[in-house]
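By letter and in written order, the chains are A, B, C, D, E and F; residue numbering begins at 1 in each of them.
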Amino acid sequence: MARIANRSTRRGRTVVAQTGHRLVKGSPRPPARTSPEVAESAVARDDTEITALDLKAAALSPAMAAYFGKCDEKLGFVPNVLKAYAFDMAKLEPFVAFYNDLMLAPSGLSKLEREMIAVAVSAQNRCYYCLVAHGAAVRQLSGDPALGELMVMNHRAARLSKRHRAMLDFAVKLTAEPWLVEEPDRAALRRAGFSDRDIWDIAAVAGFFNMSNRVASATDMRPNTVYHGQAR
Amino acid sequence: MARIANRSTRRGRTVVAQTGHRLVKGSPRPPARTSPEVAESAVARDDTEITALDLKAAALSPAMAAYFGKCDEKLGFVPNVLKAYAFDMAKLEPFVAFYNDLMLAPSGLSKLEREMIAVAVSAQNRCYYCLVAHGAAVRQLSGDPALGELMVMNHRAARLSKRHRAMLDFAVKLTAEPWLVEEPDRAALRRAGFSDRDIWDIAAVAGFFNMSNRVASATDMRPNTVYHGQAR
Amino acid sequence: MARIANRSTRRGRTVVAQTGHRLVKGSPRPPARTSPEVAESAVARDDTEITALDLKAAALSPAMAAYFGKCDEKLGFVPNVLKAYAFDMAKLEPFVAFYNDLMLAPSGLSKLEREMIAVAVSAQNRCYYCLVAHGAAVRQLSGDPALGELMVMNHRAARLSKRHRAMLDFAVKLTAEPWLVEEPDRAALRRAGFSDRDIWDIAAVAGFFNMSNRVASATDMRPNTVYHGQAR
Amino acid sequence: MARIANRSTRRGRTVVAQTGHRLVKGSPRPPARTSPEVAESAVARDDTEITALDLKAAALSPAMAAYFGKCDEKLGFVPNVLKAYAFDMAKLEPFVAFYNDLMLAPSGLSKLEREMIAVAVSAQNRCYYCLVAHGAAVRQLSGDPALGELMVMNHRAARLSKRHRAMLDFAVKLTAEPWLVEEPDRAALRRAGFSDRDIWDIAAVAGFFNMSNRVASATDMRPNTVYHGQAR
Amino acid sequence: MARIANRSTRRGRTVVAQTGHRLVKGSPRPPARTSPEVAESAVARDDTEITALDLKAAALSPAMAAYFGKCDEKLGFVPNVLKAYAFDMAKLEPFVAFYNDLMLAPSGLSKLEREMIAVAVSAQNRCYYCLVAHGAAVRQLSGDPALGELMVMNHRAARLSKRHRAMLDFAVKLTAEPWLVEEPDRAALRRAGFSDRDIWDIAAVAGFFNMSNRVASATDMRPNTVYHGQAR
Amino acid sequence: MARIANRSTRRGRTVVAQTGHRLVKGSPRPPARTSPEVAESAVARDDTEITALDLKAAALSPAMAAYFGKCDEKLGFVPNVLKAYAFDMAKLEPFVAFYNDLMLAPSGLSKLEREMIAVAVSAQNRCYYCLVAHGAAVRQLSGDPALGELMVMNHRAARLSKRHRAMLDFAVKLTAEPWLVEEPDRAALRRAGFSDRDIWDIAAVAGFFNMSNRVASATDMRPNTVYHGQAR
């Protein structure tokens, strides 16, 4: 994992040396021809200065080296959040295990629904990293780019099924005012067809992004620039 | 302006008959191949059912017919906000005059800066219409698609010049807590290089979108779908 | 319009030279006999230092000169907001056109109702200028001074008709949390007897004062002192 | 105290029979000539239906009968808040003792300053009763009607001495976010010239109106209509 | 009352000399064996430095000397709030009279219910003094230590009777957003079995703690340490 | 693990059969002698009806059976949060791994500091489960019961070292307004002596409890009653 090991630090930010070139799938966007007013793209350094913390990359464990390789192969890049956690395998590994169960394991919620929750929660918390990365996921999984935008902007403005509206209203209330969530809120989910197991999963995904949003905001974590152009 | 005159109403929404076909610039996007989960794009009807109010289009005055024609010619479409106001020429005309002075007249603020304010204000108010339409404008004018995203998501996460940061902080505070804006806030703008005339313009643009956000939210105004894909 | 042309600037504020004396209708109040604790009335300079910005008055266009003259004749004074915009005819003229259509043109809303919205919105935004100027208008148009006070203080404490309560609840929600306004809010207005055209007008007036409140707060715009004593 | 003893209840509100006629000082205002739109003044019943609770007036104790008589003599009326507490002498008497010490006893704060705090706090809590009654007091004590308006609308828009601004900023922060008040807030008061005893008094007055605002809002307490026109 | 008279001031805080030793009921807790990380208990000085203000204790009036003696006899200590007010008998006496009527006089609300309101209101205002002192009271009066905790943490999480839930919801809404309390809120209390007199008492207790919370926060008032261990 | 396997469901809540009796360390408290007003302790069922969701306990995996055994041995009980996750080993195992690294692994933050963050964050979110369980941990680890109370009530009222105050201010801001956390917030932590690695850990712990608070609130998770009396 030379790519990670080569990481060095400039101006106190986690920095990742760009060594590869990729032409397909997730290749970083060519520098935009920005207006003279905008000397440099607002995200010019997002792929190399990943967080505002000066944390040295650890050697990847075999399992994590394999996992990063798989990301690279399937996505064309390693999501920056993984690189951000890679200063300590004892942090990276449980994060990956926890995340993958949550977002990818069998559930009464589809993968798209879990991503919709991720974005609606992140919109409430105005988290740049998660809105970019998971907004792209909603666009891809739904095949409906505008749906991704609506999750970022205001889920109430989207024309959603009753199921989706109930799911997102619960997730957003749980984000904004968790102390007000009570039995009638769970009852509204049941009326919309969700099982108790589904309610757990909605809570768990909404809870997870309330965590991730804060880790990202606390560290000024920057999303891979490739996300911006995906599935538009 | 047959396109406007043909407007009819379905399900109590302002509806505009689609009569033209355009292949360049602003042609409406082909229907996305949405996932089976998403029966219809979340914005499928946004170009035809423009607001939630049942208001009949008035005959366009000669001046407004010319203006709509010019929009069509230059943009490839007429922005839905104009169609929404077109039920009454006595409302449409001063709106157009007011808007054009504000956003296009000579000013110490560039057009891009005025659009950045528009989006940052609209993000505070979570206005779907304005975020879509003016987010596209920021992408186009800056040549930096991610800058548009950052204005929508959280302007504080963008790497901005001091000038732009001061300008947006003022506009967002004025939006969220106008009663707290006082001399030190104006002094911060002056320190960032803005003249008193510029301060007026920042206030006027921020104020205008606080108005437009509310007219759009009150009427569920829908942006032209063409915006979503522009300048990505 | 010598009164405007004579404008000069003291301590960086828009300053208007007082040249006329009027004894009827809107004459500025004689200086209050303030307590020794209060060396000078809190509004002593409000008629001469109109905003905190140093903007030179432009020559009034013939149309605007006529309009200011008409204000003087009918009201006994020119509202300070007009003087504040008078640094640029290209700003003043569309503002006047936009405002007059909104507040004075035929509408399903009475002029009093439009003024009630103006004050309730301005109370939410705690805008000194608009509360003073439009509070006076509510007192005058209603013949009920306490109604003006109630709009300033808390419209929920007023004993209002269902129509007025619904109208103001909509306007205040649209002001405070525009992202939460949805179809049930419009339905409540329709149940209270408002047409879709009326809903537009409620939204437009509420929107407008969300703009004006912010321009006034951003510039520390001061209302004509004459308003304070009107229609008490 | 026939006036109090005659109290009866209509529609479940505390009701006070109007028996006297006074032509000076505090006589209730003649019914305003309201616009046809406004069938009845918004405060038509405020002098007779004082709260939304159905509580029978108790016989006044000799001390309270004397106190009400003194109010009548000096003010021309008995403030409605006293009538509201008069259902139980065991509540009325300590309220009066507590209030009079707070607002009238010797203090490093002038009576006007205590009234300014009362209104600024009540503005934060949007309390109709207290804004009307104590707004009138600020107008009277200052001889500056506009100062009363500014306390109601936004104390930050008033041109205040540093002392008054510091005092009101403390009182309003203590009202809105008491959990954030700490040593630097007390230090700001000391820098503005307040002694520790004065700080106690600012806190005590601000605290008291946080109480009164809530009792008034909980019971829909209505201010004497006479206040509206005082000292304009 | 040597204990009070001996009061002196250290570092600008109200300081009370500890002269007595008590072994029963309310004796101050022996110093906790704190972890080496915590050099001194977070409340080590709470019994001697009662507020952040430098106010000299006045000589206790005979009535107040008797009252403090009674506190000492019944509770084993004098509550610090009384010592805080003891710089001026003209403040202490009406405070005591007002408080005792409110919390101890006959009422449709039990003493426990009044203490539950005290804590739920103080939780909204995050007032350290009142949460400690009245949390202990809820634990003692209910014989249910966890009920005290729940009032501090989130009353909505407690399994309460409908009566208690309605009572606390009203008190907390009145605390957080008094301007929104209207007839439906009173109607909900009546449906839960409260009389109009009870509604007054709920409002009065909730109002009182909105006052006390602010006096305590403004002065950094510290609760007697003995409360922490009571009725656990 | 008979205790877990015997779990059954009553009234749609996760229910755990109580089979053991313990006399030491963490034995459930004997039923409090509650006042007649309080028919049943507010937490009477908290050890048996753990969440509001009807989720069947899965068979514990060998690793989790061993872990639960170890909890029982060391604490005298299995924390209810573990039982709540035990409906699915694929959720329980990564949760345990993630949690243990976060709270127990070597770090520049002491275990007490991590627990202080847990409680201050949970206080912001008013989470009953986490305030009870982690409040007990702060009391135990610090040997200062009042410190636990202060974290629950208002960390600003505690007399903390600069290090602890900076740490908690960051964690609470990150909880309440994550979108406002920027470089100056990180700089304040560095000035208080925290390394970049420590900043990560503060963010990670604060983030984690923002997740757990929401899972707990969404499911009405109840803390083991034994916590209430610990380390008082």
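Note that a contact is a pair of C-beta atoms (placed from the backbone, for glycine too) under 8 Å apart; a residue touches a chain by one contact, two chains touch by 3 or more.
Small disclaimer: the values here were computed from a predicted structure and weren't measured.
Note on connectivity: the fewest steps through touching chains from chain C to chain D is 1.
Shared contact partners of chain B and chain C, listed by label, are A, D.
The chains that touch chain D as well as chain E are C, F.
Remark: rotation between chain D and chain F after Cα superposition is 120° (nearest 5). Although chain A and chain F carry the same sequence, what matters here is overlap: shared residue numbers make up over half of all numbers found at their interface. For the pair chain A and chain E, the distance between mean C-alpha positions equals 46 Å. For this pair, chain E with chain F, the centres built from the Cα atoms lie 28 Å apart.
Centroids of chain C and chain F (each the mean of its C-alpha atoms) stand 54 Å apart.
Of all residues in chain C, those touching 2 or more other chains are 126-127, 154, 179, 182, 220, listed in ascending order. Under the stated contact rule, the graph of chain-to-chain touches falls outside the line, ring, star and complete shapes.
By the touch criterion given at the top, residues 154, 156 of chain E touch chain A in their complex.
Within the complex formed with chain E, the chain A residues making contact are 179-180, 182.
For chain C in complex with chain D, the residues that touch the partner chain are 32-35, 37-38, 40-46, 110, 112-113, 123, 126-128, 131-132, 141-147, 149-150, 152-154, 157-160, 220, 225, 228-229, 232. Those residues of chain D that touch chain E in the shared complex are 12, 52-55, 87, 90-91, 93-95, 97-98, 101, 105, 125-127, 170, 174-175, 178-179, 181-183, 185-186, 196-197, 199-200, 202-204, 206-208, 210-215, 217-220.
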